[in-house]
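Given below, in the form of structure tokens, are the structures.
Look for chain A in each of the two complexes below; its partner is chain B in the first and chain C in the second.
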Partner chain A sequence: MTPRVTLTGVTFTYPGGVRPAVRGLSMEVAAGEIVAVAGAAGAGASTLLLVATGLAPRLVGGSLAGERAIGARRSGIVFARPWTQLTGLCSTVRDEVAFGPAAAGRPLAEVAAAASRALHRLGIAHLAERDPAHLSGGELQRVVVAAALALEPELLALDDPAAELDPTAADALYALMPSLAADGAAVLLATPDVERAARVATRALVLEEGVIVADGRPGDVLPPTEVGALARAAGCPAPYPLDVPALLGRLTPDAGRRAHDTTDGPPAGSGPSTSGTAR
Partner chain B sequence: MSGWDIRVEDIRYAYGDVEALRGISLEIRAGESVALIGRNGAGKTTLTRALVALNRPAAGRVAVGDWDVAARRPDEMARRIGYVFQHADQQLFARTVREDVSFGPRRLGRRGPVDAVLGELSLAPYADTHPYDVPGPLRKLVALAGVLAMEPGALILDEPTAGLDRVQRALVARALRRRSEAGVTLLVVSHDLGFVAEVAERVVVMERGRIVADRPARDFLYDTEVLGALELRPPATVEIGLALKLPGAPVRSEEVTAAMKGVKWKEYAG
Partner chain C sequence: MIGYVAGRSPLHRAHPYTTLSLAAALLFAAFAMTEPLTVWLLVLAGAALAATGGVLRPGARTALVVSLPVWILLFVLYGLLGAAPRAAVGPLQLSVPGIERALVLGGRVTAIVLGFLTALATTSPHRLVEAMTARGVSFSRTFLLASTLTVLPRLRERAARILEAQQCRGLRLGGSPLARLRALGPLALPLILGALAEVDEQVLALDVRGAAAGGRRTPLDPPPDSPPQRALRWGLLALVVAAYGWKFWRMRG
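Coming up: the complex of A and B.
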């Protein structure tokens, strides 16, 4: 099957930029993959998403060198600041979500069905008749994700899509990604939420100053999670656990007793790790 | 620095026919650090905006210290409360980060600790950069620096860690703890219970425009029954504290690592 996107030595510079935002990107993303893109702020993760979906330079201007082949027939993107993505033309959430497929010229019945499916997938059908201007930040973020899904994209780029979601909504959004991938979409996911990303990603890229410096299994290449950093501070040898079950799995059976020097607690860490371990 | 107390008495607010606040009463003591949590659409942002005169409740009363907020303009409220928007891009406007951060104190007729705050939030390398050329997540830190430089007696921060990575989150937590220890009143809206554990001594929970819980943070974060009913998981620090039965119910990272002193680790078995 044709990859959803292939980049070969791609360098992109924003208009007026003194140096490229990303340099020499070479990567291929296939249908069914969920690729987490990590890196410090300014490392180029958001730019990689714009380049991979064809929006840079088409939408943002600038110059692109190298070879890019976008195999996806439809692509969708969710920006890190979702309120910038509203059309400003729709007075209901339903119309906002339907705008993309309608603008693509799809028949009205298909547009309505796609919008309805997307609203239900994001758990926001109850907001369908609300005015987007009166929604909370988290509600708005789900509307923008639904609008991207209504396009039924073969390549979906998500830039920190759960930044403003409550934990339940964030977990639900991440849980949705494998089903989108199973339906044939390729998902590119930029986020600082390493723990959630590691749960769903099939692969991870790490960027530093616009260059891909690692490409591999999420547990091997993603930076330490909150739990990993805590384990490291408490003396755990590398590789550091990604989450609490993995941390408990790394402790000796008498860890609980040793921690508080009493015998009233059950031994901790006696079970096997149920989750991953990072560097 | 003396903080401001905040008193909210039975306020109501609606967007058209959607009731966002349905009779909220809340008292925050001067110098207290409070986290405001709740599902998307619960009314958290609407409530905080009412505290700084950015919206006007249809009923009820809000007071900050001896000021009745109904009689004040938002720019007056900025003298008492530093407010960081959920979408902080909306409050950046100057041509450089330094100018933006200097704007608030200058309006108060002071120089303000601009360089110190830029350094504290690791923004010094961006001081001469246009705010919109700063990477997106860091713009939130620029907005935070702007209000910290005004040295207000109260801070209200709406999702201050959204989009930030672990290291940036820790910077924000440290900066807020310093203000809190200096007596500044703190109200933080957040979905991030790990961050709440680091900065708050009290947690207020909103649902559908009402306050449904108001507890000391440590009690709340260790109450797995209440957290479960609210569809929340304890932060990782508390999960570890519960699993290892760590003494003192630690909630902050440094408390947990200190309480774990002496544990033995196994090598990774793959």
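Coming up: the complex of A and C.
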């Protein structure tokens, strides 16, 4: 598969930083992959996203060493705080979502279609005529994700994208990711929500003090959840299930499917949910 | 009232360039006028503009608050300390030419502030951006202008949130002027630092969404313009030019 971004021995230091925020990063993210990036606060997950999307050091400042090749022609990024990502110039959600395609100078019909697709994918078409300034944090976060999707990015970086969402909306957002990957996007997901990340990620990286210390299947490398610890204690073979549906699925496939149906809300997008797949 | 106030007045519905042209014409005309009577006619024009926009009462109140310190300063500088001849008004001996001068300068400030506030209250930043985009103005320029128009209401909103949070932690806002001044610290620091931090993230988000691409943006919903509005804008320009012509002709004479 085509690599959307390739980093080889990349080290990045913020302006005025005493030591690098990330060191010696070597990784590749291909089209169709969902790569979860986990690590404690300050481990460098957000910085990795900025580096991978080309925003650091171009806009952030600082210095970058090593080799970076960005194959994605269009990138999107979503941060945890949605209100900082609004243009502040749009009076409706539809215009806010359409901002990116319009900035690219695409014909109006195409812009409208891209915005409409993104709104429907996030399940927020009913908010289209609302003023973004009057939305709740959760609604706003979905608007911001829709705005990123309207760009039809080949590389989508999500920095704790469910921070403002309630559990149902968070499940729906994560359930959307496989369909984005199926469309050919590479998804880079930095999140402390290991359980949800493990459901959708095809690969996971673990960072410690700016260094990748593990890179592999989510069930193998992500920090154990309480369910995972229980499974390990109960003598389950690795990779350990990270959430209840996965644990039940391991024990009895039917129970796993039922648990998945009851724990997951209706998916916002058209994409299939991979929640509850046995690991 | 500082910032956009949603409404359906003729000024709200007008092309943003028309509303801004009216405010700009008021500003330039105010500097062209040298007589108290003509300057105060402009203040009335500013009030009429605010009434047309449906914001006369809040506009006049804010204009009064903003221009009051200027009026007090002018009264002291020109009215009390101005040149002879003087006239007795109660216990005060006021300078007659000084008061005339103060009326001209104060009237100018009031007319300009009223016009500016009205334009701010009736020009939707979104419609202004769309109008500028439709004319092919670069995003950086439209963003700069629209951000300038929205910065005060945004800061005021943020300041209110910070004040509420600080009051929950025991900050007292009442008391002596010194105590009030001390209360500024817990407000100003988070206000400025928070705004700077958010700007950083907004720059990244806007860049990824192509704001800095430099190409021509597609206008999504450009506000309609009309021949009468275009004629009005040209007429205002002609009026301002005529006012300055008259001013210089009189100065030469």
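Everything that follows uses one rule, which is that the second predicted complex is superposed on the first by the 227 of 279 C-alpha atoms of A that agree within 3 Å, B and C clash if a C-alpha of one lies under 4 Å from a C-alpha of the other, contacts with A are read in each partner's own complex, and residues count from 1 in each chain.
What we mean here is this: a residue touches a chain if its C-beta (ideal position, glycine included) is under 8 Å from a C-beta of that chain, and two chains touch if they have at least 3 such contacts.
Please read these numbers as outputs of a predicted model, since none were measured by experiment.
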**Item:** chain C versus chain B, contacts on chain A by residue
**Value:** B
**Touched partner set for A:137, first chain B, second chain C, both or neither** = first
**Item:** chain B versus chain C as contact partner of A:164, first or second or both or neither
**Value:** first
**Asked** Of the partners chain B and chain C, which touch A:234 in the superposed model: first, second, both, neither?
**Response** first
**Asked** Which partner does A:154 contact after superposing on A: first (chain B), second (chain C), both, neither?
**Response** neither
**Message:** Quick one: is A:87 in contact with chain B, with chain C, with both, or with neither? Answer first, second, both or neither.
**Reply:** second
**First (chain B), second (chain C), both or neither touched by A:226** = first
**Message:** So chain A touches chain B in one structure and chain C in the other; where do those two contact lists coincide?
**Reply:** 81, 83
**Complete:** Touching chain A in the complex, chain B uses residues 15-16, 18, 38-42, 44-45, 86-87, 89, 134-138, 159, 162-166, 168, 191, 193-194, 231-233, 236-237, 239-240, 243-247, 253, 256-257, 259-268
**Request:** State the interface residues of chain C toward chain A in the complex, per the touch definition above.
**Result:** 124-127, 129, 139, 142-143, 146-147, 150, 154, 198, 201-211, 213, 215-221
**Complete:** Contacts from chain A onto chain C in the complex sit at residues 50, 53, 55, 59-60, 75-77, 79, 81, 83-91, 95, 98-108, 111, 144, 147-148, 151
**Item:** For the chain A and chain B complex, residues of the former touching the latter
**Value:** 40-42, 46, 80-81, 83, 130-131, 134-139, 142, 160, 163-170, 192, 194, 223-227, 229-231, 233-239, 243-244, 247-248, 250-252, 254-256, 258-262, 264-266, 268-269, 277
